[in-house]
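Everything below concerns the one structure shown next.
Per-chain numbering from 1; labels A, B, C and D assigned in written order.
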Amino acid sequence: MTDSKMANKKLLLLDVDCGVDDAQAMMMALAAPNVQILGITCCHGNTTIDNVCRNVLRVLKVCRGTEIPVFRGACRSLLGQTLNASDYHGKDGLGDVPDPNSPGLEHVQTEHAVNAMIRIVTEHTGQISLVAVGPLTNVALAIKMDPTFSTKLKHLYIMGGNMEGRGNTTICGEFNFVSDPEAASIVLNQFACPIYIATWEYTKRHFLPWGFFHEWINQGTEKACFMKAITENSVKRMKIKQSDKEVHRREGFVSCDSFAVAAAIDGSVVTEYMQCGVSVELQGELTRGMMVLDTLNLQKKQNRAFIMVKCDLEKLKQLMMSALK
Amino acid sequence: MTDSKMANKKLLLLDVDCGVDDAQAMMMALAAPNVQILGITCCHGNTTIDNVCRNVLRVLKVCRGTEIPVFRGACRSLLGQTLNASDYHGKDGLGDVPDPNSPGLEHVQTEHAVNAMIRIVTEHTGQISLVAVGPLTNVALAIKMDPTFSTKLKHLYIMGGNMEGRGNTTICGEFNFVSDPEAASIVLNQFACPIYIATWEYTKRHFLPWGFFHEWINQGTEKACFMKAITENSVKRMKIKQSDKEVHRREGFVSCDSFAVAAAIDGSVVTEYMQCGVSVELQGELTRGMMVLDTLNLQKKQNRAFIMVKCDLEKLKQLMMSALK
Amino acid sequence: MTDSKMANKKLLLLDVDCGVDDAQAMMMALAAPNVQILGITCCHGNTTIDNVCRNVLRVLKVCRGTEIPVFRGACRSLLGQTLNASDYHGKDGLGDVPDPNSPGLEHVQTEHAVNAMIRIVTEHTGQISLVAVGPLTNVALAIKMDPTFSTKLKHLYIMGGNMEGRGNTTICGEFNFVSDPEAASIVLNQFACPIYIATWEYTKRHFLPWGFFHEWINQGTEKACFMKAITENSVKRMKIKQSDKEVHRREGFVSCDSFAVAAAIDGSVVTEYMQCGVSVELQGELTRGMMVLDTLNLQKKQNRAFIMVKCDLEKLKQLMMSALK
Amino acid sequence: MTDSKMANKKLLLLDVDCGVDDAQAMMMALAAPNVQILGITCCHGNTTIDNVCRNVLRVLKVCRGTEIPVFRGACRSLLGQTLNASDYHGKDGLGDVPDPNSPGLEHVQTEHAVNAMIRIVTEHTGQISLVAVGPLTNVALAIKMDPTFSTKLKHLYIMGGNMEGRGNTTICGEFNFVSDPEAASIVLNQFACPIYIATWEYTKRHFLPWGFFHEWINQGTEKACFMKAITENSVKRMKIKQSDKEVHRREGFVSCDSFAVAAAIDGSVVTEYMQCGVSVELQGELTRGMMVLDTLNLQKKQNRAFIMVKCDLEKLKQLMMSALK
């Protein structure tokens, strides 16, 4: 692609912990005509870093996007713990329906994900939107390795955290933030570019009807068949979870990571934001990893993030449908 | 009053840190025909313990309730800190409009509030609803001095805490809980009786129009004149605060403590509850004092509290109007 | 005893969680000719509160001290947890060598330990040394129920805490402080009287030779026979522990609680103190319950405690020998 | 230098936050005949990262070591805070006696310190001792960027932390660890190579007499004159501090960082070690940043560090004297 063509496109870097909803989000970005993906960086999270790399390569192959470079990043959180989400995403992170013809790890670049992020963002200063839909370990390391990293970004989109103290992994904590609270804190406290956050409550509240889901995965295209296969087990489990665990049962399908990518592709998908200083509680016994909204502006933070509040579901659905065409 | 008359009434113990909204709540209880108040225990909070005692005596005098015994309780939180709410409630806790004819501290009982609570509740085992609308220091001490205390209560009603991580005193913390997080934690973890909680977000969401407020304080009765006097300064300050500090500005008047008393007097005032385990974060850097709702039931708490969600505002208004008649 | 006789004696209140070393400490105080014990308050700790009460009554019977009133206090820590020390003190807290003729719980006073402490200290304002050798729950509650409590004490002697961050129960925490960190914090932060502390490291460093121990329990008196019986199991366990767990193995016998009582009986037993502000860490992941010494005086605490540093072991041995005579 | 010559030397990487005692430690290493320094990485700490780089270059010039590559590393702690030690080391970190002929920042390598550490250690797998005498930010980042980093090291020597809960910066915390507690925690928890630690208490206990200090800086060599100049202000301040702040006043001179370098150069300088699991408290209110020794081995850590306990002061003095020759 020539530079002039790139100039008309939104330039994205995706940082993923490729489980099922990361795959959905990636496919949405890959299908968007106005988007150019400059690289995909892998992070531990929904599954091991090796699985994440393999899953990203597999999704790229399905989407005819194998020219996009894939980089291996952090295999554990900063402090060293890792969570496990295999009850939802499967042991391999992608629904446990392996494809023997998937590309191998030799297709991963040798450059470290964090160094690659810094290099690419520096090469396109002011032009790139970074969309991070896993634990923020790589993103945090990028600013530690290059303190000017965030000033060279155009936007940062995040799926993670919460806005009302309701968790999905711990009592008050969302999976991505709880997976690496220090990384999330570094990003929210030290990044200078505009930050847009799709929280757990935001995504959960904008569930899609199961009817739409079935229409979506039954389009009959290669991509739709792939999606049908990888979601089969996880959707079963999600349905069970919803009836079992949640106080406010909500019937519907939620593709968390797609909300962040959708906002990056088309800003009008989000119809209401709340802007306020956000932080991460690192020290709580019950609340460690919880995202904290300073609605009273007691902290006087300079860079107040944009918290997504309302979503145009019709636009979201169109982006999702296009993703599997 | 004979025992047979008492049998037909709801027996209440009120624990207050008598600022302006405590006075409103007390007056609602004092005016309720179906209620018998067996004692009022005083706690530090909106103002000093001495001021609280004086303010309670003053409210009782206005309401012709001086036969109700008043007890002095904790002057500081368990760990020793005290907050200051004089910016809202005035230096004397009651709007800084002193009455030279107010009863003096010599009218306070010599028995300690905590010992009195234990004695009265033991004398009426299974019959008393305790309504606590200040920091929970006295209530916590009661169960530490008598481990069976809570099993002898009928109900515990609390104004305090939060349900969505939004604070009014710290970023995530509500005044009463932040004033004594350890006390709140003791009560929520160790009490065995049914617990009903009016959180900060619940009360704030059910604001009353300023039009109602003006009608309320201008009824021309002695009680209404008293209310008009003590609210004059604080309402001014509240209006300023609302326009200044809050992200979601809500025009209206909120009498926090009245919500707990109203629920105790007439259960039908609350039209929706959420039941779940609740705790208090004691260790957070940003969240210390925040009430935590275990909506996922990860803690498997035995005594899951009733969190008030929706209020019948018409009934609330009627109770408030009656209070000043 | 007449008032004039009492005037010549040191007046003590003992607060104990009567396991084996509490018994040793009590017997030292009971045998001291210059000491008058005004009451013994019981606290959870080495064993359950019921066992503690029974053990205290049993020790008093052996020592012909049944006229001393015994009071029941807190059965759990402020926040509600209890530790278990039965691996050292036995299931009954006194070596599991029951005596069928021991006095029953009906000999415990009906007045609550905390109210009794306040009453007795108020009756003898400025004269009483309180010696607390268990978790500080009762002592903390006393100042919460009566904020002037500590100003009416002459001295407070404590066995508990640590001075070099080395624990015996958690990595950094000593048993009594870890059993109720909030209570320890309340006492160290809010008490105004002189405070003397025998820390875990102090007691451990001043171990006594096993030769002395055997001489001590083999004096042939009734008291010595009792001591021989109740220590048999625990001494066995202690010896094993020393060879197994500790990095700096120290051969010898340690009666922790006796160090605090000895200091209260005869100040010259302690030959070196360090005075500094002390606090308790309440929020640490690894250090919760650790006593913190502000040797740099960064906190500028008004009431700086006296930390025992060196002990006159000969005097200690004499007091111990006399205890079993 | 040929490979065969290198084979006979100890290969060191130094990570410094070059204040005065870092300079002393560097000069000791530079003067050691059996040592080859492969690079010096700079970290924020005693002064800003720019000052650190400048100070390292200046020391290398004085010592005729300008062929050693210098790398710029982290300018802030992982979580973003920085401490200030200019009251001890001077505003420029080296005693505020500027040299107009010092080399400029253009002599710093363009490669990032962390990438350089990883590259050099990988090139000499199993041969390099890393000596880290500042906050551990760079060292922690190295293992986050390359999870195998620590397995390729021969040894890690650290100056930092404490062994008895006594701090020099906070109540319980030593400067280097408090400067970046998360980094220290990452290193102590995640490094697999042998770790040797010179704690604050170890260095303070092995102070050197002022007589030695004056002999040391008055040798008349160029290096000694440099040392005399840069220590003039800080020694003054240290003397004042010692008489003012410390409970156990110790007369003498302490060059903290030299203890770690000395141990790396000549293992026999340390005559006693204690081996145990070590961690860093990240969550305490009073103890955040404190190094915790698990002497009871409750954590069952695999990689138990070697904590220096006793130092051969004569050998230390010889190394120091040689450093300025």
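We take it that contacts are C-beta pairs under 8 Å (C-beta built on N, C-alpha and C of every residue); 3 or more make two chains touch, one makes a residue touch a chain.
Since the model is a prediction, treat every value here as computed from it, not as a measurement.
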Check every other chain and keep only those touching both chain B and chain C; list them. none
With chain centres defined as mean CA positions, report which chain is farthest from chain A. C
Between chain A and chain B, what distance separates the C-alpha centroids? Give it in angstrom. 44
Chain A-chain D separation of Cα centroids, rounded to whole Å: 40
Please report how many Å separate the Cα centroid of chain A from that of chain C, as a whole number. 57
Note: chain D residues in touch with at least two other chains are 282-283
Can you tell me, using the touch rule above, whether these chains form a line, ring, star, complete graph or other shape? ring
Which two-chain combinations touch? A-B, A-D, B-C, C-D
Flag every residue of chain B that touches chain A in the complex, lowest number first. 162-168, 170-172, 245-248, 274, 276, 279, 281-288, 290, 292-299
Report the residues of chain B in contact with chain C in the complex, numbered from low to high. 74-76, 78-80, 112, 114-115, 137, 141, 144-147, 182, 185-186, 189-190, 282-283
